[in-house]
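Structures follow.
Shared chain: subunit A. Partners: subunit B in the first complex, subunit C in the second.
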Partner chain A sequence: MVLKIFFPQCCNMAASGLLIGHWLPGQDSAVVLAVVHYPFIPGQVKRYLSQLRNESQVELAVLGSWSMPKDGQEGMESFLRDLSTIFPQGRWLQLSREMGKKGFTCRVVQRDGGLLGEEGENGDGDGDGDGDGDGDGDGDGDGDGDGDGDGDGDGGRVIFIHYDQRKVMLCQLHPPEGGARGVGAVIGGEESSELRLVFSAVAQSQPLFFTDKYDDGPLKLTHWQSEGREGSIIVELAKHASVPVCLLLTWLLSLWTWLCSVTNLQPVRFVSSKLSTCVQLSYRTEHLQIVSSPKTALGHSESMRKANIFVSFFVDVALGLLLISWLYQENRISRLANTLVPVADHVAKELQELLQWLMGAPAGFKMNRALDQVLGRFFLYHIHLWISYIHLMSPFIERILWYVGLCACLGLTFALSVLSDIVALLTFHIYCFYVYGARLYCLKIYGLSSLWRLFRGKKWNVLRQRVDSCSYDMDQLFIGTLLFTVLLFLLPTTALYYLVFTLLRLVVVLFQGLIHLSVDFINSFPLFAMGLRLCRPYRLAEGVKFRVLCEEPGKPLHLMMEINPLGYGSVLQWYRTPTYSCYPKDSWAALCKKLFVGELVYPWRHKGTKID
Partner chain B sequence: MPGLRWLLTHPCKGASSQPKCSVARGWRAQVIPLVNRGYFCSICRFRKLKGRDWTGGDPFSKWISGSLVMGADSGPGAPSAVPWRKVLYERQPFPDNYVDCRFLEELRRNVGVRRYRYWPVVREAGLVTQQLSCVAVFLTLWWYMYQGELYPFTLLLAGLLCALLGYGLYEALGGSRGGGRTRLADLQSAAIFLAFTFGFSPVLKTLTESVSTDTVYAMSALMLLAHLVTFPYAQPSPPGSLSLNAALFGSVCLASRLPGALHTFAMLTCALLVFALWPCLLHRLRDRAPRGFPWAAALVSLGGVGGLASQSPGGAVVLALAQLTLTLICPLLLLWLQKHKDNIQGPWDEAEIHEDLSRFLQ
Partner chain C sequence: MSDDEEFTDINGKVIFLACQNHSSFCREFTVSVPKVSLRHVMVYTCSVWLVAYVVFFLTENTAVLSGAIFVTLVGMLLHVHFVKIDHETLLIIGSLGVQVSSSYASGRESTTFIEMSKIKDIVINESIYMQRVIYYLCILLKEPTDPDALSSVVPLFQSSKPRLNCLVKVYKSCQEILAQC
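Let's look at the complex of A and B:
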């Protein structure tokens, strides 16, 4: 097996010292996390490590020695080698670097003192007194150190994988979804689990990176933060400020939910479930509850979800405020109100003309005149009622709009929901027509289907779910046939009315569906994750790719591990906030069937079903 | 060869021009030469009668393609001393499809065939004729109404009279009242008929207003034809659902063409009498007074012809010819065809259970 050493880039130029890192359990690889510089007291190093182990839950250990030749430090080499007796380990790595060369030299010393392998420039004369028999690479995990030199080429026994410690620590590795990936990122199942271990080890040993060179501790370390810790004053301030704000918000929200539960009686509940504004309100409340919960987020996905909700909320409110600032300028509200009434009037007039057309001979259809007239007059009267209602309302519309428009400060989604509700209310007559038409049509279809069975002398057996033959009485047959004839000849008239009003209704439903879709889009779009992916692509990783840094015969292979960022589609898939589904639940065929048999069709909003 | 009983391999499995026979591959179908009559395949039931559809050539060279399976009178079957038994649950030294010489002894011909006599068949055919005439009578009445020569009131009165007379006759013939129907139930039914028809007649009147007249006629013709075709002539009481419904649908279509709502009402009442109540009465008549039945049928037929003659003599002639054909010539044809019936039954038939199962059902 090949020994893989994950080596941080920041330690490339570190001064000589001890390598601190982590042997991956079950894998033949080690992660180097930091270098402890000379001078140190071994007891202090041990104490420090055990303290870090407790803090980070990572089995930190001294992996070996690191030597960086400098002027006047010639004797370091043998001293560092002797350190292996002080820090007893299964294997002791001896890494050394030479001035003016790219690669490292590496030796692996077994615990019992046998030299297991040497990697580096053979015969370069770097002063090792040990015999350099190359042990075979297989089965060296148990440390038996057999050391039978079979004289193999020694390239490829140790691979150095250099990584950017900061990026790896901050990165969140996502499980692969299978399918095609980038050319450079071929990660098998075992390999990916090993990678995962590397990533988690680096991420968990965060306490190690807290000590920088300005600390007055007994040890001097080199890692990515050794030049000074990264941080932002604003973030720290926000962290401190968020606690009381969250507490206040939680208290307000609990008050609000209590108020809701008190007023949640049957009629209120029914109305609120129909109004999309109320649905949006409950949805927003739930979101805020999630964000303002005083508990810290467990895990990456929960914190990402919180951040997503928070950012979407802010963007939403900002857009809403923008809308308000546009809407309440230059008397736009009153102009809107002044156009709204004529538009409603116009729609009603168009409907009247449509009905007049239907009451004649529409498109050459021969309808039953009597029924046609009855239906037409009924609907005309309905429109008349509607117009008078609109005119009764017209003086108040401006004020209503003014107050309703204020709710846009809660967010653009609220403004859209209110728009959807206003459209629903203003097209209530179309809805009524549709319901009348659909009910009538449904009744006819149902009656005709059952009377057609009677016509053939059959009946529907409910118990066996099949059509049975049946002998009817003569009066049943007579009345059934009479009704069948009547229904059959009146069907085209009803069907035409149904068709026209269904088309009108579908237009309204389509419009409302579009609004709901956009509201849902704003609600569920992972804005924070997208921003993160855009500005810090390494934070969300899909995998890694390796670049060859230096490959020379007789020297260990040096690879550079680069982070492969997650694709935008996958980001959307991973971090989409679960919402109420507003996509059509039925397939198109089911919708067509529903329309054909005259069942009522509603906008695509199903409460209570959450889809991730 | 004639006189011998052969079991031969029939080529029904292979040749495509031969009748199909669903015998699994590897089985042998058997051809049984009927004595002096032709050949019969016991598996596909295909039969060739000698002399009729024989296309020439030596019958045996044409039909015998396989080997002789067994001959009762010929030796190669099984020279065993064990007598063959017709059981499959015992192992016997015979092939599975072995039969012995007693096989054709059980052949029976024309077992369930009834021998008809001419006049009873004519009598029964009268039912078809009179149903045809009923339609003719109804159409005549409708035509009179359509022309305005018959007032709905007159028709209603006549219908009421006929209904009362018929009901009286029905009751007189009735004897025992079957089905538990009381006079009150009859009255209730009548009230429902009248009320619904009267209530719906204005609706029905305007129902087909916008439909073209040709469509209405075509639809009614189709429906009345369906009534005639699906009428249960074997058991005319109660009239079958489909036939009654078709007739009523056709009459509603026709009645909606009439000039007034009362016309429609009268026409529908008339349709009810002709298509629903008259078959009931006729059935009762056939059951209780078999002598009166031909006379009633003849009366209706004559009425149909006469009524049609008053409007279109040509139509009356056609109707009369059709009636004569149905009543006199069709029975002759039946009798003549019956003579040629040749139906055989034998041990190759499916098993029939003759045991009286009623004792298990109790």
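Let's look at the complex of A and C:
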């Protein structure tokens, strides 16, 4: 097997001492975490390690020695070699470095079962006179040298994998897209993978890295360390303030939910489920409850979720305030209100003209004149009602808009939801026309289909849910055929009205769907994760990549382990906040079939609120 | 320790295979494709511009010409950044894993690393591609629960599809390393 040594980059230039690290269980690899510098007392090292072991739950051990020759430290090498008797280990690594050379020399001393092997005398073995000298340290040395199993010379059975300790410690490794279901799988993924073990070992040994270079302990260590602890008074204040703020928020939210549950009677519930503003309000409440919960987030996924919700909430509110500051300047609200009524009037007038056109001979078709007139008058009367309703409302519209516009300070999503609701209310006549047309058309289609069965001497058996043959009387057949003919000839007129109003309705639905999509986008976009990916790409890792650092014949291979950041698409997939799906539930074919049969379609959600 | 050898891909175009022996258990294979040729760029640009000029001649709308310039620029950028792969590298490190990376003409690199514990084998496979049968090198991945079962296949050298003689060379040295560990 090849021995893999994960070596932190920051220890490259460390002074001589002991290597502290962790042997991966079951794997032939060691993770070096720190270097203890020379003047140390072995007892203290042992005590320190056992203390760290308790804190971090990582099996920390002394892996071997590290020597970095300096002037005036000639006896160092042999001293460090002798240390292996003090720290008994299965294997003892002896890494040494020479000035002016890139690679390390590595020697592995095995001491289990009396075998003292030297697994690769990788150094520049020519001048290395002490290659055979290391037998003296171990009493059980039964002739060292290359006498052990691997006969393939000094090709280097050791790989050095250099890693950036800080990045590896902070990074979160995501499993490959195979387990792309839910963020919860991040933690529960297969832990057997070697790289995952390395990452978790480095991340867990965080207590080791707490000491910085200004700390004066009994031991001098080299590892990744911060440039001294820095504190910002604002951050500290915010940390202290966050707990009472969260408590207050939770209390307010519980009050609010209690209020909602009290008023949640049948008509209120029905209306609020139709109004997209109310739906947005309930989602916002839910999100705030998640963010303000006083429990600390367990695990990476939950904290990321909280952060995402928090950041998108702030961005949303900021955008809303921006909108308000724009809207409430220069009398824009009243101008908006003044244009809104003429627009509604204009739409109504256009509809009237359309109906007039349909009542004549639309596109040269000759309709059933009587039915055409009846339907046309019916719809015209409806529009008349609508116009008077709008005119009744028009003095209050500015006031209403002014107050409703204030809800944009809750966020841009609220403003958009209100816009969607206003559109729904202002196009209520189109919705009504659509429903009337669809009902009429549906009735005709059903009548025609059942009469068609009668025409062929069959009927629909309700009990057995199938078409049975049936013998009809002469009278029944006569009446049925007569009705069939009447319905068939009246069908084009109804179908025309249905077609026109369905098209109008679809335009409105499309507009509302766009608004809902943008609201959903703002709600679910993982802004924090995206920012993290953009500014600190190593925090969210998809995997690792290796680069060959130096390749000298006869020296161990040096690889550089870099972190392969998660792609933007995967970030979106992992961290999208789950929201209500406002995507159409029907497929296109099902939608077309529904439209053809005349069933009511609600492609987005149940729209078209009831107003009295 | 690297040598560039000339091979052909399945369409008969010239590709280069470079093998680099970093150590006895670490090898790197790079298949490089010739760079974007100036002739191709010229042909595509000229054809787009000719079409644009004809449309401009018929409609006398200058927006067509600026649109054509825009389309060529964006098309070239997208091609260089997302489509054109300059070299594909396979780095196999004994007992650690296999790294597959492809670098695009714009310098973008996409890398995946597969750990040795997940790899079952590296084989040469054959498949039907359009109207012919081609060979390709692929990595077989183990099922995490059942080590005998196959979970998926990762094809290598997907953009430059080398012929069998090139694949055999890569395959043999890969198997040498796999057999060692």
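Please note the rule applied: the second predicted complex is superposed on the first by the 531 of 612 C-alpha atoms of A that agree within 3 Å, B and C clash if a C-alpha of one lies under 4 Å from a C-alpha of the other, contacts with A are read in each partner's own complex, and residues count from 1 in each chain.
By definition in this document, contacts are C-beta pairs under 8 Å (C-beta built on N, C-alpha and C of every residue); 3 or more make two chains touch, one makes a residue touch a chain.
In this text, all values refer to a predicted model and were calculated from it rather than measured experimentally.
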item	value
Three-chain arrangement built on subunit A, subunit B and subunit C clash or fit	fit
Centroid geometry (CA): angle subunit B/subunit A/subunit C, rounded to a multiple of 10 degrees	80
A:Asp475 touches, of subunit B and subunit C: first, second, both or neither?	first
Partner chain in contact with A:Ile159 - subunit B first, subunit C second, else both or neither	second
Partner chain in contact with A:Arg91 - subunit B first, subunit C second, else both or neither	neither
Partner chain in contact with A:Asn368 - subunit B first, subunit C second, else both or neither	first
Which of subunit B and subunit C A:His223 touches, first, second, both or neither	neither
First, second, both or neither for A:Val548, with subunit B first and subunit C second	second
Shortest CA-CA distance between subunit B and subunit C [superposed frame, angstrom]	36
Subunit A-facing residues of subunit B, complex	189, 192-193, 196-197, 200, 203-204, 206-212, 238-242, 244-245, 248-249, 252-253, 272, 276
Subunit C contact footprint on subunit A (complex, rising order)	1-2, 4, 28, 152, 155-156, 159, 161, 178, 190, 192-195, 543-546, 548, 551, 556-557, 559, 564
Footprint of subunit B on subunit A - complex, ascending	366-370, 454-457, 471-475, 477-482, 484-486, 489-490
In the complex, subunit C residues that touch subunit A	1, 22-26, 28, 91, 93-96, 99, 101, 111-113, 115, 117-118, 144, 151-152, 181
